[in-house]
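After this come two complexes, each holding subunit A, first together with subunit B and then together with subunit C.
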Partner chain A sequence: MKLKFRMYSVVGMVGLSLGEQHFIQGGIAQDLRCDGRKRLTYRPIHVETGVIPQANGSARIRIGATEVIASVKAELGKPSLSQPDKGKVFIYIDCSSTAEPAFEGRGGEELSAELSTALHCCLLGAKSGAGAGIDRTSLVVEGKICWDLYIDGLVVSSDGNLLDALGAAIKAALSNTGIPSVKVTAGAASDEQPEVDISDEEFLQFDTSGVPVIITLTKVGREYIVDATPEEESQMSSAISISVNKKGHICGITKRGGAGLDPSVILDMVSVAQYVSGKLMNKLDSEIASAEAEDES
Partner chain B sequence: MASKAGMTPATYSPSPTTGKNKPPLFKEDSTRPDGRDFHQCRPAFLRTGAVNAASGSAYAEFGNTKVIVSVFGPRESKKAMMYSDTGRLNCNVSYTTFATPVRGEGSDHKEYSSMLHKALEGAIILESFPKTTVDVFALVLQSSGSDLPVVISCASLALADAGILMYDLVASVSVSCLGKNLVIDPISEEENSQDGSLMITCMPSRHEITQLTVTGECSTSKIKEGMQLCLDACAKLANVMRSCLKESSSDAHGLDNESS
Partner chain C sequence: MREIQLQLNQTQKLRLQKVLETLESQSSIPNSDSSVTISDSISVNHEDGVLKGHGTTDHNGEVVATLCGIVERVNKLVYVRTLRSRYKPEDGDIVIGRVVEVAQKCWRLDINCSQNAYLMLSAMNMPDGVQRRRTAVDELNMRRIFEEGDVICAEVRRSQHDDIHLQARSQKYGKLNAGQLLTVAPYLVKRQKQHFHHLEKFDVDLILGCNGFVWVGEHVEARDVMVEDPVNLSDPQVLIPNENSVSLEEQDKNYTALETRNYICRAANAVRVLSTLGFTITLESIKEVIDLSISANLDIHDMFGSEFCVLVAEKEAERRSSSKRKR
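And then the complex of A and B:
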């Protein structure tokens, strides 16, 4: 019995006829997708950084027709009681109704929550902070003050593979982030709020060498594809999003989509993701570097 | 009275909240705070039929984590929803305000509802109740580590109690990485200081994983080891769940025989 699940119900998309469905499935089985790509090839990726001047860091990424914008804002705050030596990072995703009419009002809420959770899991790592993509201990200014990073992602245009695009956009935005340096005036009593002097001039660049990329492998029939379009996503049985960092270590795995998967299949997908991540990481890094260079010039 | 599946601890005493100095990580002689082995799960107490008004319900106690799940349905879908020739599943996980040591902290876990939905939708035969909705409401009465796996296992037991057709019972277990060790079924102190975690939801008889979440940096070998541990534990947990269902149905049968 064939189980077909949709990752999210995209109401605006016209349904596929049986012939089109077979065409997509057959093509993927023969390593030739509808737009001519191989199974493990990404669509062209364009990166622009510094698109939002008021934010500490921002980036806009286009993968094919999927377009997302990520912005990073840093505000001073107090570290939480349970983890006094770490700053806080909040990730919010908003699916704008310009992407899909179904996202208007509360329609996009479920998808936004799912994407936010997956990004949290992939980028922020465990509660103790070990193995996280973003090093939260670097956010602490001094004892009672830390930086709170608010990472906001906006889906402007949705054409499949939103999670990968958001992960890449957040990576680009973080490498564009400049955190102003802070001088804390000494001598304040331990209970009072210490005085801070936020400089407008000096900025510290955020260290993003540890930030992972997220790769979503969609299983269609017996094969896995990377960077699925909405038509391909409608034919999937399940998908796994794996985040891999520069050293090739897995930083997080989320399974998305309904059908069950054999454990050996999951391990196979993990190794495929590690293989693909090398190329994607290099491509992203070079694109981000050239975008930053353009930004400065 | 159906016999318990395992011994539960006698009383629950809240741990005093220490002020500034947190006690160092407790692994002196490789035992866990509650005396279990690294690869030993907490004893599980499962009972169906906890809520009379619901179509099906279940109550689960795994150590100090106590969860109650009610299933209502299949009920008519709201008129606002589109026609659908497969059934719909609606899940909600909420925490009581007294569930966590600090009052009200449970509202951090809003994503558990969608994760429960993902875990269950692969196991339920949705085509068996078209045009209708099955509501699964989970309430965490006390949260003491490994909450979501307990909620998922309890929810599948409640669905079975409600008579919803499923491919298989869904069992769920999580594993925590603490340093180099993998500990199964962590309690909340272990979860707060973990370096990584792996949660697996699977259908043991079909040997299929319906949900998998890995956080923190793990090598592939650790993931493999963790998955193997979880799958073994899920198989055992599913047997416990099955025996609980058998006992409750033979109880009901026994009562019917007596009354007739």
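And then the complex of A and C:
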């Protein structure tokens, strides 16, 4: 099998030399990556919540040198006609120009669109809303009124593994989200706009027990690694991003990369992702809890 | 290299603060007069006539600094030297660069500077070792020597006409193969007598480029990778780009040995930790960090933990104060 193909990645904009590529592939094959990690080890993760006071919920996550910020804004709106019992959630990602020279101007648009689609697929399930990680039925206030959640993600610094970081940031931001409680004045006619009284004091914490985490497995040679740096990403043949919730159920799968994968390989990667997700979920939950505690103090 | 930010708890922050204060008090140069910020006026003897150099400007008859840095005076020239700036090549500097383009009779390299550097074909030793004129055939075969993306170690030649020219005539210069290239801030690598280091205990080559590129890799003897044997195509060590049809199994056997790889990764992490803390990168400081991590029985990846970084800072302060006392 001819393995030689030059990857012009964002790394240095020229790429890596053959010797460096060989070194990276060797490290992954021998379970000792360039910074000493094992194949299934994440870089240090740090979480801060409540970084944007004007938003209903926000979080900043740092995985190694990758830094992303997510914010959640809730606004009152009408449920869509096709799904009257569910609220609406919109996810939009922006790759800031400060993250990479290549993102200047409109350079980051393609990546932003790709990330938004992948997050929609992983967190929101099918178009009908079935199997979604985020429970949209809890967003409905009354028959004609529901909450619309606008989730925005900003990539501040890009050092590989953006999808996992964004998934974790959205999970943390949702844990931090407080939705104001609404009182609807009764007795309004069915075709009129009901009057609402939005409380400034009482907040309901959004329920995030069902929100999944996203694990991206990058296949290099015959092995899979988790949390790839840009140099390692340039050596990948394909990558699969799997979102797993607390119960160990798969909420969404996305595949990137040109090489085809045998179905048995995909099933193997899914089981590896399930194994890794347990540890990541616990780590994230404890970090989010300590960040919230620090936020309150 | 992206910056790694340390998450320190309260006690660690205090310890690090204390260490930095100790280091500051140890620095011998009394800087009160010579360090300036923007718009500070520089005391100058106007009768002597003064040449205003980089970083200064004339403002209301006074010489005023336009940069933050240290005032340097050479005869009548007064200029401001910044502490952290882009790498400026000097003659004889050892630098590591990455090939960006293969041009006619020369290679263009990126050396982390404001311009790219040129390595002329005539400034390279020929693969067969013979000293001769470079012919048209040599020009056509330039890609066999270095390609785009290759990492090369070379020396800065006398910079002429604003261009930066490199030369790689000795055996110790040339292409770097098995290892990793790290980028640190250029001001952390000071000019010293030796930039090529061989850690015998670990069998690891360490090259500190003055431009901020640091190479950590497998030890190579006498750098004779240049010797090409066109018949010996099946040997995977000779990484000829277009004929790399080695199968996966053969590649497995040619990966760096796990023990050497261990030491390479440990040395690389030592450089990353020193760069995060902002300490000068020298052979002694790298060796210290590696020994500290081995004695603390740390896993290689745990070297990025906040506790270890604070320990490194304290050890460095101790080392500097003890070396000062010896003098």
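Criterion: the second predicted complex is superposed on the first by the 284 of 297 C-alpha atoms of A that agree within 3 Å, B and C clash if a C-alpha of one lies under 4 Å from a C-alpha of the other, contacts with A are read in each partner's own complex, and residues count from 1 in each chain.
By definition in this document, a contact is a pair of C-beta atoms (placed from the backbone, for glycine too) under 8 Å apart; a residue touches a chain by one contact, two chains touch by 3 or more.
Since this is a predicted model, take the numbers as computed values, not measurements.
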Subunit B versus subunit C as contact partner of A:222, first or second or both or neither: second
Contacts of A:270 with subunit B and subunit C, given as first, second, both or neither: first
Which superposed partner A:262 touches (first subunit B, second subunit C, both, neither): first
Subunit B versus subunit C as contact partner of A:245, first or second or both or neither: first
Subunit B versus subunit C as contact partner of A:293, first or second or both or neither: neither
First, second, both or neither for A:34, with subunit B first and subunit C second: second
Which superposed partner A:114 touches (first subunit B, second subunit C, both, neither): first
Touching partner for A:253 - first (subunit B), second (subunit C), both, neither: first
Footprint overlap on subunit A, comparing subunit B with subunit C: 3
Subunit B residues within the subunit A interface of the complex: 110-111, 114-115, 118, 121-123, 177, 191-197, 202-203, 206-220, 223-224, 227, 231
Touching residues on subunit A, where the partner in the complex is subunit B: 3, 5, 82, 110, 113-114, 116-117, 121-122, 124-128, 130-132, 238, 240, 245, 249-263, 266-267, 270-271, 274
Subunit A to subunit C touching residues, read off their complex: 1-4, 6, 12, 14-20, 22-27, 29-30, 32-38, 41, 43-44, 46, 62, 64-65, 157, 159, 221-222
Footprint of subunit A on subunit C - complex, ascending: 2-5, 7, 98-100, 110, 147-151, 175-181, 217, 239, 241, 244-248, 251-252, 254-256, 258, 261-262, 265-266, 268-269, 272, 299-301, 303-305
